[in-house]
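Shared chain: chain A. Partners: chain B in the first complex, chain C in the second.
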Partner chain A sequence: MAELSLQHIDKIYDNNVQAVFDFNIDVKDGELIVLVGPSGCGKSTTLRMVAGLEDISNGKLFLDGRDITQTPAKDRDMAMVFQNYALYGHMTIYENMAFSLTLRKEDPNVIHKKVLAAAEILGLTSQLNKKPSQLSGGQRQRVAMGRSIVRNPKVFLFDEPLSNLDAKLRGATRREILLLHKRLSATMLYVTHDQTEALTLADRIVCMSMGHVQQIGTPLELYDSPNNLFVAGFIGLPPMNFFDVTFEDGKLKGKGFEVSLSDEEKYTLSDYNRQEITLGVRPEDIVEGGTLHVKVFSNENLGMNTLVHGHMGANGENRISAKLRGWTDYKNGDEAMVSFKRKHFFDKQTTNSIRKGER
Partner chain B sequence: MNEERTIKLDRLRYTKNAASSRLAILAILLDVLFFVSIYKSDVGSYYYNILIGASILYNLIFMLAAFLASEGVKNYKANYSWLLIALGVIQVVRIFIIPMQAHSATVTVGGAETVVMGSGQFIRVIIYLVASAACLFASAVINLQKSRALAQHVASLGEAKA
Partner chain C sequence: MKRKLEISELIFKVISYTLLTVFALGCLYPFLYAISASISGRHAVEYGEIVLFPKDVQFDAFSQMFGDNMFWNAYSNTLFLTFYGTLWALGVAILGAYALSKKRLLFRKFFNFYLVFTMWFAAGIVPQYLNYLATKDVFNSMGITDDKWLVVIAMGMAAMNIILLRNAFENVPGEIEEAAIVDGASEFQVLQKVFIPMSKSTIATVALFFAISRWNGYFWARQMISNQNEHPLQVFIRLRLEQYTDPEAMAGWNYSYASDSVIYALIVCSIVPILIIYPFIQKYFAKGVNVGGVKE
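Presenting the complex of A and B:
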C-alpha cells in the first residue's frame, strides 16, 4: 500500500520566486501519475519536494496517511530515478544495484537475492559484472531503475528518465517502464516534458504551466476534453489549431471562413451569441471534403498519414495543420477542401473550455 | 543452511575477492616499512655494497609483483596465489640476509665500536617481514579456497543449465 497525498503544496524560493502554486492530488496505490508541462513549469520541483530534496514552503505531504512533510529524504521510503542515471562509474552493475542496501548494512545474501531478482526483471543478468561505461544509455537507465527496485520503496519517482536516450531507445525503454509498472504494481510519479510519454504511460496526467496545475485527468480526458487553451495546445501532436471566431446566427464566423454547427454545438455556445470565442480543432479531426478552402504550402507524407500545412481564409490569415488519412500529394499553392469532424470551444477571456451549461 | 551456502558461493560471481587483494596490498605496505627501517645513518659505510643494491632492486620487483598479484586475486585468478606464496617464502628468506648479518655485525665509528643493527631495530624489521609474509600466505590461501569454490559453483551452474 502506498497512497500519496499532496495538499495545497507551494514552493517559494528564498528570493520570493514561487515555482509551484497550490498543488493538490491524491495518488492511489499502484497508480502511475505523470507530471507533464513545458520547461520551468514546476513539475521537477514538485517531484523533488515529494522526494524530500526540496523543502515544502506551504502545504502538507502524506504517505499512507502519515505526514511526511518534514521527514528527511532518506526516511521517506521513496526511490528516485534521474535523467543522468547517477551511476557510480567505478562500480560494476551488481555493485551499483547493491550499493544502497550495502549502506543500510543489509545481509549480503539478502542483497544478492534482491539484485538478481531486479536484474532478472530488467534483463540485466548478463551485464552484472560490467561497468556502466560498457552499457548503452538504455541499459544504464535500466540499471538506475534496478537500483530503485532492489530497495522495494513505497513510491518510485522518475525525473525525465528517458530524456538522454535517442528516439528508438526512448520508445523501447518507455515500454519497459510500463511493463515494470504492471509487474510491480507500484505507485509511481513520473516527470516528463514529452506528451507522448505522458499519454502512453500515465494512469492520470497532471498538466502544469507556470507552477499551476492546469488539469488532472486520464490521458483520454486531457486529449478529448482539455480544460483550457493551454492543455488543448500542449497535449496532442501536431498541436491543436486555434482560430478566432464569432458565434453568430448558429454559425462560427472567422476571418474569411464560416463553420456550421450541429444542434448540440449550438446549444453548447448558446451563452456566447455574437461573442468572440476561440475555436480549436485537432489536426486529426480535419478530413478531406467539405466547404473550407485551405491553401496548401507544405505536404509531409508520413506513410499512414499526411501532414498538410496551409492557410485558411480569403487572405490566408488562419494557419492550419491537418493530419489527413493516407497519402496525399498536394503541391505548394494547391487548394484543399476540408471540414472539421470535431470542434473544441474556448472562452476568449478566461481561455477555459466552453462546455454545455458552463460559463 | 545449504541454500545460504549456495547464495554465498553465487555472490562470488559478482563480487571481487577484496580480502585477498587487501592482504596483498598490506604485505606491500609492511615491506615498505621494512626497507625504510633497516638503514641507519650512523653506521659508516656498512650498507654501501652490492647486497644493498640488490635488495633495493628486489624491493621494486616485489612491490610490482605483489601489486599485480593483488589485482589477479581480486578476480579469483588461482595462479596468482602461487606467485604470492613464492613472494612470501622470499620474505621469510630475507630475514636471514640483511637483518641477520647486520644484527651480528659491528662497525667502528669515531673510534667506538657499535652494533650495526640493535636488538630493537632487529625485532622490528623481523616483525615487518614476517607480517608481510603472513599477509601474502593468507591472501594466497583465501584466494585458492575461493577460486576453487567459485569454479565448482560455476561448473555446477553449467550442469544445471545443461
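Presenting the complex of A and C:
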C-alpha cells in the first residue's frame, strides 16, 4: 500500500528561477500517474523532488500519510529508473540488481531468490553474469527496471525510461512496463514528453507546461475534454487544428469559411455571441463530405487512414490536417470537401475550454 | 587497399620513431649499464671498460650486499614507508578529491583554488619542514617515537594527485550517483561502492605515483629520520656511496670486485620491485570501466 500526496509543491532554484508552481495531486495506491509535457515544463523536477534528489522549496510531500518532505532520498523507499539507465558499469547484471539489497544487508539467499525472480519476469536470466556494456539498450533498461523490482519499493519512479530506445523497442518496453504495473499493482510515477506513452500507460495523466499543472485526468478526459488550448494541442497526434472564428448568427465564421452548429453547441457558446473564439478540431474528427473546401497539398497513406494536409477557406487562409478513414488518393492541388464531426471551443483571452454554461 | 603514405607523413613518422627509439634507449642504457657493472670484475669496472655488456662476470658484489644486515633493514624500512605512505596518501587524496568533486560542497571554488595555488606557487621546503615539525610535536605528545610514521603522515598531501582524482570522480555520471542514493546508499557507500570502483584506473595510476615517490623518497627521510636503523634504502645507498667513494676508507679494499659494483648492485636491487609492480598495475590503466553504464 502506497499513497502519495503532493500538496502545494513549489520548486525555486537558488537563482530564483521557479521551475514548479503549486503542484497538487493525491496518487492512489497502485495508480500509474504519467507526468507529461514539453521539455522544461517541470515534470522531471517534480519527479526528482518526490525521489528526494531535489529539495522541495515549498509545500509538503506525504507517503501513506507520513510527511517525507525532509526525508533523505535513501530513506524514502522509492525506486527510480533513469533515462540513461544509470547502471553500475563495473558490476555484473546480477550485482546491479542485487545492489540495493546488499546495502541493506539482506540474507544472500533471499537476495538470490529475489534477483532470479526479477530476472525471470524481465527475461534476463541468461544475462546475469554479463556486464552492462555487453547488453543492448533495451536489455539495459530492463536491468534498470529489475533493479527497482527486487527492492519491492513503495513507489516506482520512471524518468523518461524509453527516450533512448529505438521506436520498435520503445513499443515493446512500454508494453513490458504496463504488464509490470498490472503484475505488481504498484504505485508508479512516470515522466515522459511522449504523449503516446502517456495515453497508453496512464491511469491518470498530469499535463504540465512552464511549471504549471494544466490538467489532471484520465487519458480519455485529456483527449476528449481538454481544459485549455495547451492540453488540446499537446495531446493527440497529429495535433488538433485551431482556427480563429467568430460566433455570429448561430454559426462560426472564420477566414473564408463558415461552420454551422448544433443546438447543443449553440447553447455552449451562448455567452460568446459576436465574439472571437478559437475553434479546435482534431484531425480524426474531420470526415469527407460536407461544405468545407480544402485545397490539398499533401496526401500520406498510412494504411488504415490517410493523412491529408491542405488549406481551407476561399483564399486558403487556414492550414488544416485531416486524418481521413481508408485510402484516399488526392493529388497536389486537388480539392476535398470535408466537415467537422466534433468541435472544441476555447476562450480567446483565457485559452480555457468553453463548456456549457461556463465562462 | 592500403593507403600510400604521403612523403611528408613518411618523414614525420621516420623522425618520430627515430627520436622515440633514441629516447627509449637513453632511458634503458643506465639501467643496463648498472646491471653489467654490478656483475663485472673489479678491473673492468675500475678502468671503465664496461660499455654495455658485463666483463669477467662475478656475483660477489651481490653476495656481499645480501650478507649486510643493514641492507635488509633499509629494505624493510622502505617497504614500510612505501606501503603505509601510499595507503595514507591515497586515503587522504580520495577523501579530499571526492569532497572537491561535489558541486554542493560549500566554498568549493575557494578550496579548489587553494589547492591549485600551492602548485603554481610552491613555497619550497620551508612549509613542508614546518609541517614536519608540527607533526613531530603531535607525535611526541602522543608518545610516538618512530620517525618513519612522521614521514608517512606528514607526506600525505599531494595537490596534483588530488586534482587527478577529483577529475576522475567528476567524470562519474551524476545519474549513477543518484541511482545509488535512491538505492539506499549512504554518502560513504556511494564513494566506496560506486566512485572508487568506477575510477579504478585513475586510482591505480595515482597509487603508482605515490608508491614510486615513497619508494624513491630520499630527502625527507634523510632530514627527518635520525635513527640509522630506520633509514630507508635510498638513504642507505647514499651512505654506502659516500663510504665507498671515499679513497681513504677504500684504501684497504682488496676484493675481486670493485666497490662501485656494490653500489650498482644496490641500485639494481632498489629498482627491481618497482619494475615488478608495473605490469600488475598496468592492467588497470586500460580505460572503459564505466562503459555501458549510462547511455552516452
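The rule is simple: the second predicted complex is superposed on the first by the 359 of 359 C-alpha atoms of A that agree within 3 Å, B and C clash if a C-alpha of one lies under 4 Å from a C-alpha of the other, contacts with A are read in each partner's own complex, and residues count from 1 in each chain.
Simple rule for what comes next: a residue touches a chain if its C-beta (ideal position, glycine included) is under 8 Å from a C-beta of that chain, and two chains touch if they have at least 3 such contacts.
Quantities reported herein were computed from a predicted structural model and do not represent experimental measurements.
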Assess the superposed three-chain arrangement around chain A: do chain B and chain C clash, or do they fit?
clash
Would you check which partner chain A:H90 touches, where first means chain B only, second means chain C only, and both and neither mean what they say?
second
Have a look at where A:R175 lands relative to chain B and chain C in the superposition and call it first, second, both or neither.
neither
For the overlaid complexes, name the partner, chain B or chain C, with more touching residues on chain A.
C
Name the contact category of A:P108: first (chain B only), second (chain C only), both, or neither.
first
Quick one: is A:L128 in contact with chain B, with chain C, with both, or with neither? Answer first, second, both or neither.
first
Between chain B and chain C, whom does A:K28 touch in the aligned arrangement: first, second, both, or neither?
neither
Out of 20-28, 38-46 or 56-64, where does chain C collide with chain B after the chain A superposition?
56-64
Overlap the chain B and chain C contact sets on chain A and report the shared residues.
none
List of chain B residues in touch with chain A within their complex:
4, 7-8, 10-11, 13-15
Residue positions on chain A within touch of chain C in the complex are 51-53, 73-76, 78-80, 82-91, 99-100, 103-104, 131-135, 137, 140, 147, 151, 157, 164
Residue ranges of chain C in contact with chain A within the complex
173, 175-176, 178-186, 189, 193-194, 197-198, 200, 288-296
Applying the document's contact rule, which stretches of chain A touch chain B when the two form their complex?
92, 94-95, 108-109, 112-113, 115-116, 128-129
